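In what comes next, chain A is part of two complexes: it sits with chain B in the first one and with chain C in the second one.
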Partner chain A sequence: MFEIKPTLNALMRSKLGAVLLILQLAITLAIVSNAVSIIQDRLTYLNQDTGYPETAIFKFNSLNFDKQLDRLQQVELDEQQLRNVDGVIAAAAVSSVPLTGSGSSDGVQLKPMPQESKRVNMGYVTGDEHMLRALGATLAEGRDFTEDDVVVSDGDGRLPSVIIVSRAVTDALFGPSKGLGETVYWGTNPLTIVGIVDTMANQWPKSSFGENTALIPVIRAGNFQKFIVRTAPEERAQVMRQIEELMLASHRERVISDITGLDQKKARYDARDVLMMRMLMTLIVVLVIVTALGIFGLSTFNISKRTKQIGTRRALGARKSAIVRYFVVENALICTMGLMLGAAAAVLLGQQLMQWYSVPALGYSFIAVTAGLLLLMSLLSVLMPALRAANISPSIATRSV
Partner chain B sequence: MFTHYIDLAWRSLRQTPLVTFLMILAIAIGIGVTMTTLSVYHMMSTDPIPDKSDRLFAVQLQPMDDGETWATGDDVPYQLTYQDAINLQALPGDFLRAPMIRAGFSVHLNTPQSKPVIEDARVTDSDFFSMFNLTFIHGSAWTAAQAQSAAPVVVLDEEMAQQMFGKTDVVGESLFLGERRHEIVGVTQKWRPNIKFYDLNNGAFGKAERLFVPFSHVKAYDVDTWGNTNAWKFEETRDFNDKMNSEMVWIQFWVQLDTPAQRQAYGDMLMAYMQQQQKLGRFNREELAYGLQDVNAWMNYNKVISEDNKILVGLSFMFLAVCVANILGLLLAKFMRRAADVGVRRALGASKRQVFYQHLVEVGMLGLLGGAVGIVFAQFGLLGVRQSYDYYNNLASMDWMMLLSAPVIAISACILAGLYPAWLVCRTTPATHLKVQ
Partner chain C sequence: MLDMKAISKVYQTDMVQTHALRDFNLHVAEREFVAVTGPSGSGKTTFLNIAGMLEPFSGGQYCLDGVDIGKLNDNARADLRNQKIGFIFQGFNLIPDLNLYENVEVPLRYRGIKSAERKRRVEECLELVGLAGRAKHLPQQLSGGQQQRVAIARALAGRPRFLLADEPTGNLDSLMARQVMELLEQINREGATIVMVTHDPELARRAPRNIQIVDGRVTDFTLYQGRSMDTAMAAGG
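The block that comes next holds the complex of A and B.
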């Protein structure tokens, strides 16, 4: 009923047009399915929960240059002043800020260094007992730090004795739903896990150990200090505007810089991925348009070439629907061939990309869905020329020789 | 003859405005997409210091025990320990050398009116300026004696001088870095390489520093790095002094070696140095290794060009191939419809070769027009790149080389597409077409 045999015969007579279409469709399928797979991968990453209410938190830096200053006392004073600001829920001085791409990473292991034992890499943040509240992360098990847990580095020689970690760390060291109360070693320093947070990303959420995070209650009095402040989301902007003045009022000889929302910090850290996604989406859109135009153009050309034959067929009794069907079937045949070739090309391209770059494996479902959509697009682009062909009058055939 | 072909081509293009428009659009979109990704790629891979990129070498040593690994291709850390940097700096020999780190200070004039700003600084030796082609517009680098005694001196670039003092001739004036007063000894011309090739640790496209202080300040004033510090073994490091004596790596080191012989000699010196250190209990390994890579090799080793960019360049050339296939189809349609004209021309004496060339000229003209429009599209593309990622501001632009490549790629693509249709049309037998007329 679809007259595949004669359609194929006709195709074989003008191979080039068909070959061009097949090639276009094949390359389009290969590019689009791989691009969609990469986009999907980045989207999954971007939508991942970091564990922090990013729009309610901001950070800033303070660089002191007064040698006489009692830095420890100043940090304490700064924290106190921050907490007194209207709208501030919690504030803490920290060694680095999660999601920003800069900070310290280290490992913890089951036995003290230099003994060999199971080890997990993690990003860690040090600060006082307000750290967890300022980050807005929620404990799943255990307790928060207390004032007694906090030690001063280079102070009286006391070492930290407790640690709060993300679930990913305990999972890797002790297995699922274990770890609370266990001891891990940070260098030679034993730390008891007093709290576990289900989701808490570290400074490098994109990295292979992006979910391994630890909070350690150590304060270090340096001249460069980072602060995190949590407010109600709607009050953040107004609090951020006051910060510089407030801080300089209590101590002049310093520079306050980089007063930035945590969501903006994360956006900066992710800017490259967003750029890649935008580029790929643009590529997909123009590619689909160009391919659709190509199909449209070639079908139009084919039909104008075969005006006489169509007229003859109509004169011999073919219905309009038969003419439309002919072109649609022809296009579907070409399309199927192109998409089959394209599926193979997509798999090949995916393998190449995976071999050379850190790109996820291309799921076959991406190819299938893309192929389906391309088939639909192809049929839509052939429909208009086909309907026009159906309207060719039978008399055309008899008019000229 | 050529001008005649151009005239014919122009007429032919105007005859079928819609098809011409579609073809130009196809090639322009293809070129627009390709040039956008290619321009960024090109800027990322351009030699930042062409006149001496093969004479400047980043020095690496392998201090780690056997079995330790690193994120580099050959397991050698990117940076050096402080003690190695100091020892290499003291090696004999008549060549330029510069240990360096990136630090930062709050910079101010110590007056009530001047608001302090945080500014990155390069902590390095005076050889740095001649090695990396910085030119002084006022004063000069600090002297060896000043470096030796860790005198509080500073060199700034003209932009920084302008920002702090409102003028560039500021030699002899004082600038405060934190609480310390520094005397300005020199002002350099603005120096902003697109790629921060001499320190790729914290992003390859960051801004170059505008302040320079002697490397001896590291020890004298406890100037710590604002870049990366990496440890490969467990050591108790309580304070900065411990850090300087540790096996942590945090110093970059560059040398300028003008001849292969010098290079060879320097490599031997590095080996001898490590053997000597082995006697002191360091470099616990079977096989000693060092790295000595020139600027371009160093950028490659540090993977300056992002993976994403390579993928995009590949995909956009595939996209260009789709555009070429598209144009091929359209050209086929257009040329075959003109077979009758060609028949007449052939009958009037035009040779096959002439017909073939004439059509290629027409196709080339399409490419030229498409390339020109493509450059406009690419500008929009690059604008989009800059807007979504301001870190690429210096990179997302077309230099003259890319501007020239655009039409070349466009014309080549079009000629590739036009070869077969032109060949087909020139084979037309005049008789058949004359008969129909």
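The block that comes next holds the complex of A and C.
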């Protein structure tokens, strides 16, 4: 019924067009399945919960150039003023801002340095007891910092004694559902884990340790100070507009800069990923269109080349449906060969990409789904020329064309 | 076997109507061998196309083996072509990508005949035309005469009762043409009805009955080899 054997034999006898299409399909499958896998990975990352209400938070910088200024006092004054603004829920001076690609990273371990012990890399943010609220992160276990926990760097020589970490840090150090109340060492300094936040991304969320975050209650008042402010989402814009004036009103000898929403900061940090995704999507669309046009073109060419043959087949008793079936089967055979070759190429390409660019391993389901969609696209591409072929009159068989 | 009454065929373009056949009447009896001649443009090919259900007619009635063709849809016409008619074309019309075996097998596949039966019939028909040993060859590896013999084998494979031959020797030299003609005569003796369109008066004279088409009408007929006038009258219309 499907004339597979004679169709296959005929293909083997005039193979150039078919071979080119097989190669095109194979290349398309190899590239598209890997591109889709990368896009899927990036999309998963982009849609991942960071643990922060990004649209409710903004940050800004204050660069003081008044050498006489009591910086610590000014920071406290600034924080107080920020908290008094209508719509502000919390505000804190911090060492760095999560999700921005800039900040400090270090490790904590189970034993003090230089002893060898299990160690976890993490991004950390220092600030006062308002830091966690300003970030909008939710404690799953334990408590927030208190005023007594906070130490001033280069102040009275006290070192911090407590730490709040993300669940990823305690899981890595102590295993699941453990860690609260345990002691970790930041260099030689022991820190008790007083709070655990389930989800809290650090400054480099797409790095291998992007979920390992620590908050440490240390105030480092410098000339250059970063602030984070959390508001109700709908009031953020209005509060952001007031910031520069408000800050300058309390102390003019400084520059307020980079008043930016946390979502915008993350968007900038992710800009390359978004650009890469767009480029890959464009590549996929172009490849799929070119392949569809290739199939359409080859089918159209085959049909115009075989007009007499189609008429003869009709004269010999082929129904229109048999002609459509012939071209669809022929295309399906070419497609199957192309997709089998493409599947192998996709696996090899995936392995190479994994080695060269640290992309995640290509799942076989991506190859299968892409191959299925390419097969569908290929059948749709051949359908129109095949229907046109079926309408060739059998009387063409007796004409000299 | 074939009965055409007042058949007409009009080709219509924006500006012109061309009457290829008009008031065309013809009866071909079972087991007849009829040669159809006529000048170029007289309507021979149109007649052949309508007789073979390759194109529709504009008016009149055409019955093939008792079936009113005008009432059939496209699928039914394709099935009837496949079951009752064998075509032999001037240009052989073999499918170049298929070998001889696969070419002869084509109409049998459309009929849904099982593989073993197809094999038996294809081998039998290739044997009949003397090309059994070349079943795996491609058409382009054969001479014109051999290709036409393959086309005859293909026409015969479905065991049709009605063979339509369009200038079957038109592309062959005289020796090949004679061989093909002898084969057709043999097939006719074995029971098939044959209608052969030809330009060649020499060839036409070998057919027991001649019909001439001029300006889309059957205008003359000649009987050879002692067929009765009654049959001829009935046939010529």
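Here is the rule we go by: the second predicted complex is superposed on the first by the 400 of 401 C-alpha atoms of A that agree within 3 Å, B and C clash if a C-alpha of one lies under 4 Å from a C-alpha of the other, contacts with A are read in each partner's own complex, and residues count from 1 in each chain.
Rule of thumb we're sticking to: a residue touches a chain if its C-beta (ideal position, glycine included) is under 8 Å from a C-beta of that chain, and two chains touch if they have at least 3 such contacts.
This one's a predicted model, so the numbers in the text were calculated from it and none came from an experiment.
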Chain B and chain C placed together on chain A: clash or fit? fit
Requested in this report: With the two complexes superposed on chain A, say which partner A:290 touches: chain B (first), chain C (second), both, or neither.
Outcome: first
For A:393, select first, second, both or neither according to whether it touches chain B, chain C, the two together, or no partner. second
If you stack the two complexes on chain A, which partner ends up touching A:368: first (chain B), second (chain C), both, or neither? neither
Counting residues of chain A touched by each of chain B and chain C, the higher count belongs to B
State whether A:308 touches chain B only (first), chain C only (second), both chains, or neither. second
*In the superposed arrangement, does A:279 touch chain B (first), chain C (second), both or neither?*
first
One more residue to check, A:13. First (chain B), second (chain C), both or neither?
second
- With the two complexes superposed on chain A, say which partner A:43 touches: chain B (first), chain C (second), both, or neither. neither
> Which partner does A:320 contact after superposing on A: first (chain B), second (chain C), both, neither?
Replying inline: second
Min C-alpha distance, chain B to chain C, superposed, in Å, is 12
Dual-contact residues of chain A, meaning touching chain B and chain C, are none
Counting only contacts in the complex, chain B reaches chain A at residues 22, 26, 29-30, 33, 36-37, 104-106, 108, 116-118, 176, 178-179, 202, 233-234, 236, 238-239, 306-308, 310-312, 315-316, 318-319, 321-323, 325-326, 328-330, 332-333, 381, 384-385, 388-392, 420
Counting only contacts in the complex, chain A reaches chain C at residues 1, 3, 6, 9-11, 13-14, 308-309, 312-322, 393-395, 397-400
Per the touch rule above, chain C residues touching chain A in the complex are 45, 48-49, 52-55, 74-75, 78-79, 81-83, 87, 89-91, 93, 95-99, 102, 105-107, 109-112, 138, 154, 158, 166
Seen from chain A, its contact residues with chain B in the complex are 16-17, 20-21, 23-24, 27-28, 30-31, 34-35, 38, 61, 63, 65-67, 102, 113-114, 154, 187-188, 223, 253-255, 257, 271-272, 274-276, 278-280, 282-283, 286-287, 289-291, 293-294, 297-298, 301, 353, 356-359
